[in-house]
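Heads up, the next two complexes both have subunit A, just with different partners, subunit B and then subunit C.
Here is the complex of A and B:
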């Protein structure tokens, strides 16, 4: 027993000694490798071994460092030196450093694009992190462009990264786009998509367009090789109610990740002139069903108002076009703030907080969808989603009666109040309007909803 | 006539969140021919359960909806006049804007 213990401790000791020797050898090898690399480096001031075997750059123009870094690209017969060279001489602009832009930028920086531009005006938020994988927690509250640029530089210090920390507008789009060969649309709203496509048509730039929401994604290349522009496909903007946002409808993080990766791929194909870009075709991705469908779409429309035969849409028209008016939705992603009700049909979150503390007799109806209610809710609230309110008015009536009954046993006297709350205070106004028409004249909306509650009354109440 | 109808990009929410519908439709015009115009009104009557304005505008689909007949944009096959055949797959997909 004792001898076996001694033996195993001897073996353990030997393993430790060998491991330490191994790591020492590895350190020395990697030091020598980097020394060798330094000798071969073109910027290495004169300390160069025989120039016949190691010129600073080969006739094709790739430096030894580039050959080593992109060796796996160069080994692809269909991509090779030619593809890498074209890529290294091209410039790509990614509009939006969010869910789509994050992976697109990571791959474009890693792949060795010559110049990579990033446009965004937003800051990194905690609820971005599950999908906007280029950002790290340290950057929360800071500019997305700065954060994305820093990550890109860490991955590939040889790529020129250009930061455009501003919102894209008709006033700056032409100037910014004109500095790049290819534009990647990684934005999240309809007016931006029309504006980016129109600007690409005016300047003759190919556009790699991706979109993702919920568990689905879409991808295509516009304005390239006789293919359509965004307006050829969608001449009339959709109703605003059809334009859902990730912040309202949710999105599984990896879904924009996949579409963003495909955007990087298409941008690489276009810039290196390799393969068949997804022009005149559209990729439809259904994550839940694990299905990818690639469909044939119409070509360029001769009647298109922007890229058609007789189009008069040029730089001047672009700069004067009102995309927010055209699509009836804002370019910024700020949520809607409705004002449907008279002030006397609304109360502030603070006021509601006071009434709650004073034990006022009331019924609180939460009109958010059920899966929202499950995330977090105010105590004693009754969940009747707005969509099903008209069929469930009875529940409101009986809740009020029950409260009245409680009150009469406590004999305090005042009427039972009816309050309505939702996430941000829009649906609650719609609900109050409806309730007032259906015989609940005193129904009141809580201004700003649960977001307002968290902001103004209870900072520990979770936001989502 | 047996057809497969698919809804995506959020349009499935208008038909009880069911994405794929295998349906059988009898052409009513007597000549045994079914065109997309007929199919749209059939879908509106039989499959769309809520907010029909999110699916159609006038006698065609609303702006922002792509229609694909056998994986091909219906603009290329005659839009509303596209003649459907047995076992055709028709996809209605709403364009996404998120990112």
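Here is the complex of A and C:
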């Protein structure tokens, strides 16, 4: 029995090692392929004019390989040789290699954009995989940009892929954006959206903006041909309570997939000058109702702080602008860590673990929404979601009484403690504050919530 | 989630002897507006000649939690751009669209 366990762990280890070596090799091969391609066509920005195997270039400049690869594009009367040539001479930057960026990048690489840039500072995680379809399991724990670039190169080695493995900030945005014709916003937070839109206005770049959350998606092309920018529509940032993240609210994987595909489509239309881009209009996708609406939105606002008539917002102002302060939310995706309580109203997960082991008499209230509680919960916890706490205080009272009753029969003496837990330790603090005001002065919050519990006490406790 | 029939008329109409003509409009909620109201749409009646602003005021009176997002929404009347002073007509659809940030 013991030897078979050792044997299987040895095999697992070897599989892991081989997998990682394999993906390293694949990455190196695709990097070398694109390097070789660059050497063969040094003066054309990575765009193929004539393949090295074919001396005879055609007057339009597409090589035989390109004609074959993109034949279905070339067969479209409204796209044709001209559309493909324009696309192959254009450069597109995708900010964010997540749920929106994954399909956008896959299609942009496949369709033969000349140069494709990817910005992201994150690493691939297991809970990304259901929607961030450009990444494979072998890349878990590694850079999203490296992973996305490797996949793009495997799909189309003739496209020049540029890796920007850094967080987009006012300090680097102008320099990065200035190297591209079109910007695709595939980020996941409000400050980034304002920063990207402002940077596009300053540099005069069209912006293909997509967003998805839950079962809904939105899509618009901003700053295109005299059309509005993001700030024309939303001069005042949304309240922080309205800025929801997929990590909190959830998202059905295919929803950002659809919006990301539409972003690729709009970027292709803009770069090939084909069709009517979605400027001055906003597409609203409702997955549950299977409905897409397109609403007309306002034109450019003359009073817009950034793109308006008398705007003084230029590169210098952009670099000075504090987007986190403006939107009151962080640029990075790291979750909020509130500090609402005095230290004596809080205990660490380790301490709670100790008290649990010592059999301390207590009631544990879990204030997460019911559908979270159903995913995973600590044993013997009482689920009263924060939103319904004020109407359910009776349940806290009776749970404490029940515990007191149990305790008096064992006659151990001490008071019954009241602890509150949530997912990350923010709502539990709000709940403790409320409980203390409502006559439960000794209520305590478990610092860091269930995520902290999984990190510090029980590594087998599932994270979500 | 489904639409909710509107049961509220204007209670504060002054005078009373003159019966005002009412128009019925449908408010459509998107993204955060859906979370805050718990519904996708609602029918409401407003006196004829009312503006989109009047409609919004009435909607907020019935769904006070919407107040928090009204500073940052796109409004569309019958899928077209609208301002707060546009007069609504019977059967109009007023969409309240807060931005989504996720991705």
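A few remarks follow.
The criterion applied here is as follows: the second predicted complex is superposed on the first by the 409 of 464 C-alpha atoms of A that agree within 3 Å, B and C clash if a C-alpha of one lies under 4 Å from a C-alpha of the other, contacts with A are read in each partner's own complex, and residues count from 1 in each chain.
Following the convention adopted for this analysis, a residue touches a chain if its C-beta (ideal position, glycine included) is under 8 Å from a C-beta of that chain, and two chains touch if they have at least 3 such contacts.
Bear in mind the structure is a predicted one, so any value in this text is a computation, not a measurement.
Once subunit A is used to superpose the two complexes, subunit B occupies space that clashes with subunit C. By the document's definition of touching, both partners, subunit B and subunit C, reach A:234. Applying the stated contact rule after C-alpha superposition, one finds that A:188 touches each of subunit B and subunit C. Shared contact residues of subunit A with subunit B and subunit C: 96, 98-101, 186-190, 193, 210-214, 216-218, 233-234, 236-239, 241-246, 249, 251, 256, 282, 284, 286, 289, 293-298.
Of all the residues in subunit C, the ones that touch subunit A in their complex are 30-32, 40, 68-69, 71-72, 74, 76, 79-81, 95, 97-103. Remark: subunit B residues 8-10, 19, 53-54, 62-66, 68, 71-73, 75-76, 91, 93-99 touch subunit A in the complex.
Interface of subunit A with subunit B (complex): residues 96, 98-101, 186-190, 193, 210-214, 216-218, 233-239, 241-246, 249, 251, 256, 282, 284, 286, 289, 293-298.
Subunit A meets subunit C in the complex at residues 96, 98-101, 186-190, 193, 210-214, 216-218, 233-234, 236-239, 241-246, 249, 251, 256, 259, 282, 284, 286, 289, 293-299.
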